[in-house]
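Please go over the structures that come below.
Below, subunit A partners subunit B and then partners subunit C, in two separate complexes.
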Partner chain A sequence: MANKKTQEKETSLLKVLYKFFTSFKLATVVFVLMTIVTLFGTLAQVEMGLFAAKEKYFHSVWIIDEIGNFPVFLPGGGLLMAFLFINMSLGAVVKVKKRWKGAGTLISHIGMLMLFGGAFVTWGLGTDGYMALYPGMKSDRVESYRKWQLEVMPLNDDASADEVWILPADELSSIRPRSPRSYTTDDLPFEIIVSDYSPNAIPTPITAPMAAGSAAREIDGFKLLPQQKAKEAAANIPGCYVEFKPKSGDSDNISAILSAYSFRFDPGESPMPFVFELEGQKFGALIAKKSWHIPFEVQLDEFIFDRHPGISMARNYESRVTRLETDKGAKPLEIKMNEPMRYEGYTFFQESFGPAGSQPGDRMYSQFAVANNPADQWPLWALVVTSIGLGVHFVIMLLDYMARSRKKRIQAAS
Partner chain B sequence: MKLQFFLLLTLIVGISSLTSAREVPQVELGSYDPWDSKVVETFENLLMQESGRVKPIYSYSRFTLLQFSGKTSLRFGTKDGETHELHYSEWMLDVLFRGNVAKALPVFVVDNSAAIVQIGVSPKEKRDRYSYDEIVSGRAKLAELSAQYGEKQRKHTESEKDPQYELDPIEGMILTLGRNISAFEFLVGQFSFARKGQLLVNENILPQEMVALAATLDPVAIIDKMPEMSIQQLGRAIQQPDNGDEDARMFTSALRLFFFYANSARGINLFPPQENDNEIWLSASDAMLEGLESKEARPWAVEQLRELQNVIEASTQGTETFSAALAAFSDSQRAKADARGEGEHSALEVHLYRGKYFSYALYLFVFGFIILATSWFSPASKFGRVMVLIASLLALAGLLLDISGITLRSIIRDRPPITNLYDTVIFITATAVLLGLIIEYFTRIGVGALIAIVSGMLGMFLSIKYEAKEATDTITQLVAVLDTNFWLATHVTIINIGYAAGLVSAIIGMLYLAARFVLNLVGKEAKDFVKLLTRMNYGVVCFCLFFSLVGTVLGGIWANYSWGRFWGWDPKENGALMICIWTLVILHGRMAGWIRDLGIHMNGIILGIIVTFSWWGVNNLGVGLHSYGFTEGVWNSLYKSWGVMGIFLLMGIWLYIDDRAKKTAKKAERNSKETDPQVNSA
Partner chain C sequence: MEFTLPTLTIGATTLALITTSCSDSGASGPNLVNRKLSENENSFRLVETSAERFRYQLTPSNPSGSEGSGTSNSANQIGLTYSTPDGWTKTPGSPMRDVNLSFGTNGEGECYVARLPGMGGGLLANVNRWRQQMGASPITQAEADALPVRPLFGQPAKFISVDGKFSGMGATEGKDDYRMLGLILASEAGAVFVKMTGPRKLVEANEKNFNIFTNSLDVGP
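Now for the complex of A and B:
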């Protein structure tokens, strides 16, 4: 008896939940909230910059904001999209009566679900970075726009390195002020103690007025002064304090301020690691962009940049490249605005060029955005499906309207 | 009857305000000799390269006068009692060939006379137009202040809009006036090299001995006699100290004068380059400097400059001589441009502006409105129906003019209809008018015609105001990422159709609320009429959803092709998304039973607010990849439009409360009838 009651209760709870998640009312509320969140997130970009606003409003579960001095609590974009996805799946696809008249709306909702699916896949599995090359240079290495990692490496006599120990970007960025973290590895004869990581900081001489008033630790006449995060996340230059503590205990600890300023900002430059010697071996340490290899090399043969006659507006920029693979040889290609190169799941887009302030005729590098997105073409298919759905719906509505009009006319005539 | 009297009064006031005449400003010229029509025609078809494209000087003249004056024509009276009206190409002829006349014409608009007072010039009306001659007494102060405010503006930009560097309106006006006066001086002094010492402007810049030298020195003739010299070498040479040697002094003076002429002759690029692979046209200044730099280029440079010199000299030798010289220059230039395949649509461009398609379309819409308004005196009569039909035909004619203008612009630049913010105005207007006319075709009650006419009037008025405010060529070159006719023709066009539908939904919403409000006031009901408005608005919202959704997803696909990501939460993308979402709010809210007739219309107005924010507002946030349409002062206009729509929303809230009260009263009445046996038995 008790079991039956519990079962009934469960069934009714499920029913209530099902009714709630499939209701038009939920959809309406979610849409209204999405409009508000989108508006807030758009306006916030003026002050916060795109990346921070995106994280706060669109990739979040909850948002706490202020209008004047009044706190406002809103569901985040992530939560709203999850609700909408469930509502659309259950309400517009599962629950909806399957009849010819509703075929168009059913198809269009499936199209929208595909779009959502694509967004989820991109968010979960997609990667994006860039590759910048001067003519004649080639590379198979893609760098992240915003993620920085700590690299420590034993150096050869020619300052090259065969192996690199990496403190991953997510771990590095999670180190808070006054909470040093220690790392050891069998490959290195010292412990690495990282502290006071700052996502945007400037190593400043202690003689500078700004440094004089700061309580930051001084190393070799410099202090690392944290700065406000830049609006453009890619413009942040992180830094941290690092201590190398010999495992043998025979030598003193070596301290340093590491700053991403030592990394290169131009593909023609080389990074300048902090170099130190321990037990007769040279080592280098560096904050470097997170990077990864792709299965083929790209060589920039020529970068073409031209402007509209007599004005500074760019008319066209394109790159003549050669794709190099050990087993398949070389293939010359063109990458230009709106015409990317797609290959092996990677897409190369003509993104920008540099150095800043270059004029036609100067030696310039070409920068490609490199994306690996398994759902790259899903939006296109989603659009096709949605458009067919809406088209079918409108045709059905039109036929229905014509049939009703004819019926009315016949009734009127009789 | 009271209502009809009110309508009549509104019409009379409207028409009289449209036809009220303004006082003609008097200028310090004894008389004005109009330009010969043949000279004007030849002149306006001359070609020049500006803003990255080859165009008729006609277009350049139009936007230059707009920039100075805020208008495309000029009216003034001379001392002989005559009144003259100049077209912009005639004004430009004065500027280039009769500088002293141009200096007396009142073209520099100043919105607040406080700006004029600050430069030490006697003010006229609070908002008025001044001639160069009137301003020249405050020229030095103007230069000083505009340099100061220019620096402040630069800091404002560099500091990412730090309020301490923000220019107040008067400072902004002084800066604009300073820039316009400098631009005018450049134009007047443009052909000084060919005027044998008649400098017209900036005479005081040159030392006295150089003014005397200018009367005898022909800078074109001396090109051949000079050593090869780059612009940098020329710059160094003119700074050589005087070593007492007379020949050296003469040579340096000649070089200084040459430099002065070359510097004055920048800006108007009239000469197609010699080399076929070079796309950059040259000004007289460029030709002089090229000739100076390379002996090889000298024959070509001298030939170009001589051709122009002939025209300048002929301009003082009577109409026929000038006309012939100008025609010879034009023919020579046209032959060179034709050989290069440039300027082929210049005649069409002259035709576009001469045709005044958008101005005439506005007149037709206004006329249509007046005709439509007369139908409201007796809407159900045959007279009313005929007036509606005439108004619809006028709206159709306005639409055809708008479409013709759009088509011509597309042909001239060889692009789909929309490439910049100005294009969106005329395109969205055409779409909204078309939607209104389609609605009228199906309903035949005058509402669709009203939607078409109101949309047409507002859109054409906006396009004219926008053009005057920006005062720059609206046929623009595209940044590299937009250089794709496929995406411009699909995503951009479709999303703008969605914008138009959103605005039409707002207009229907406002019509509904106004109609309900008036009906409530007079104590009448017109259920069928308001139901029809609701059906219309519902259809328009569906239409808006379809185009906004498809347009937005297409935009995402384009972004994926050009930037490597489908969606980046960029403000423009978010604006389009908000439009899609709000149409979904309306459709789902209706299915949920939360939104009925009044709700659809009120939400249609909110949709209109979102559309205007997405269309204009986000461009002015100054962030994102789509910010290529910043417009000064747009927020004020947006706040005003939102204020108007807000008033309608308040009307909607009032109607909602009133409906609820009536429903409650009816329910109470019904309940009392059911419970009162006497009433029941009765």
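Now for the complex of A and C:
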């Protein structure tokens, strides 16, 4: 008896949830809120920049904002999309009566759900980065636009290194002011204590007026001064304080300011690590762009750059590259403005060039945007399915209309 | 309960998708990750000082331009070339200044070039810092954006002109009836500041020289 009651209670709770999530009213409310969030997010891009606004308004669960001095709470774009996905799945696919007349709308809704699915997969699994090469250079690594990590490497006598120990970007960026964190590994003879990470900071000489009033710690004539985050997230130059604490306890801690200014801004440069010596071994420490391996190498053979006559503005630029794979050999290719190279799930777009201010005849590098998105083609297929659905719906409606007209004519005639 | 199975299936799928989407794909524990370096990325440049590591050029300027010549180009160790206008004299600068020049009978007029990595604090903060030195009220971002533009290194730089009581760095007393002219070029590649200060009439008489000097500034060989 008790079991029956519990079962009934569960059933009624599920019914309430089912009713709520399949409700047409929910869809309407979600659409209205989406419009408001889109408006807020679009306006915020002016002040915050594209990336920050996208994160705050469209990839979030909740939004806390202000209109004048009044706080405004809104559901974030991520939550709204999840609600709409559930609503559409249950309401337009599961609940809807399955009959031939509704086949077109059913297919269209499945297409729209595929679009949502693609957005979720891109959000969770997609990566984007860049690869910059001078002619003659090759690489199999893609660098992040926005994520920086801390790297420590034992240095050889010729200023090279064979391996690196990495404090991952998400861990590094989670370190807050006055909350140092310690990291260690059996392979290194010291502990690494990282503090006061700032996503955008300038190491400033203490002689500069802006450093005089700052309470930041001074190391080797410099203070790390946090700055406001840049509108474009890729323009932020992070920095932090580090201490290397010898495990042996025989020597003092070694302190340094690490700044992304020491990393390369040009593919021809070599990064400039903070160098220290411990137990007869030289080590380097650096804030470097997060990078990841791709399953093939790309070599830039030639960068073709045309300018408008008389001015330095680019008219056209394209790259002749060779794709190199151990087992498949070399394949020469061209990457142009609207003709990317797609291979193994990666898409190489001709993005930009450098260095800034290059003059005719200068050696220039080519930069490719490299995107890896498992759901790359989903929007296309989603649109195809939606279009087919709408087409089927129109045909069914047309046939229905014709059948009804015919019936009316027959009735009128009889 | 005919709807339970599809409901649960779709709900679970949705939750899984949301969880995947919301989780930070790059998140990791507080452990250091080891990886081998390939030959394309294993060389480093070892520099002696923090100043070099942070891309400050602290090497003192080498005045190769003949002072007061008005036409000769000055190339120096900081990688800049420029013309020294007639009546202007190269003077020792501070480590923060790449070029330091003075003019006027007693050298009371001053003009310098400074460079900082990155945005150097940004346009608005620097404009208002300069305005504060002249006793002028701060301006808004919109007003800073609307400042006139003049070329500097072939790029559009914001031009600032302020009259007032000048209190330079470390000054205990302000100097009345001064004028400040300045150019700020702030970009991701770095920030360049050219600033001229002096008694208003002297600066007025040297504005043409300021333009000659700023137009002549170039990246050296």
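Here are some notes:
Basically, the second predicted complex is superposed on the first by the 387 of 414 C-alpha atoms of A that agree within 3 Å, B and C clash if a C-alpha of one lies under 4 Å from a C-alpha of the other, contacts with A are read in each partner's own complex, and residues count from 1 in each chain.
Criterion: a residue touches a chain if its C-beta (ideal position, glycine included) is under 8 Å from a C-beta of that chain, and two chains touch if they have at least 3 such contacts.
Predicted model only: the values in this text are computed from it and were never measured.
When both complexes are superposed on subunit A, subunit B and subunit C occupy overlapping space and clash. In the superposition on chain A, A:D170 makes contact with subunit C only, not with subunit B.
By the document's definition of touching, neither partner reaches A:S248: not subunit B, not subunit C. Shared-chain residue A:S387: touches subunit B; no touch with subunit C. Comparing subunit B with subunit C, the partner in contact with more residues of subunit A is C. Of the two partner chains, neither subunit B nor subunit C is touched by A:T326. Residue contacts after overlaying the shared chain place A:G221 against subunit C, while subunit B stays out of touching range.
Once the two complexes are laid over each other on the shared chain, residue contacts for A:S414 go to neither subunit B nor subunit C. Aligning on the C-alpha atoms of chain A brings subunit B into conflict with subunit C at a single listed stretch, 163-171, out of 163-171, 253-261 or 343-351. Once the two complexes are overlaid on chain A, none of the subunit A residues touched by subunit B in the first is touched by subunit C in the second.
On the side of subunit A, the complex with subunit C involves touching residues 11, 14, 17-18, 61, 78, 82, 85-86, 89-90, 94-95, 117, 120-121, 123-125, 137-141, 147, 152-153, 155, 158-171, 181, 183-185, 187-188, 192, 202-203, 205, 207-210, 219-222, 227-228, 230, 235, 237, 257, 259, 261-262, 265, 269-275, 284, 286, 290-291, 356-357.
The touching residues of subunit C, when paired with subunit A in their complex, are 1, 3-4, 6-7, 10-11, 14, 17-18, 20-38, 40-47, 49-56, 94-96, 116-122, 129, 153-155, 169, 187-189, 219. Within the complex formed with subunit A, the residues of subunit B that make contact are 49-53, 269, 279-281, 477-481, 483-484, 487, 546, 549-550, 553-554, 556-558, 560-571, 574-575, 577-578, 581-582, 584-585, 588-589, 591-594, 610, 618, 621-624.
Of all the residues in subunit A, the ones that touch subunit B in their complex are 23-25, 27-28, 31-32, 34-35, 38-39, 41-43, 45-46, 49-50, 53-54, 58, 115, 118-119, 122, 128, 231, 307-311, 313-317, 337-340, 347, 349, 351, 369-371, 376, 379-380, 382-383, 386-387, 390, 394.
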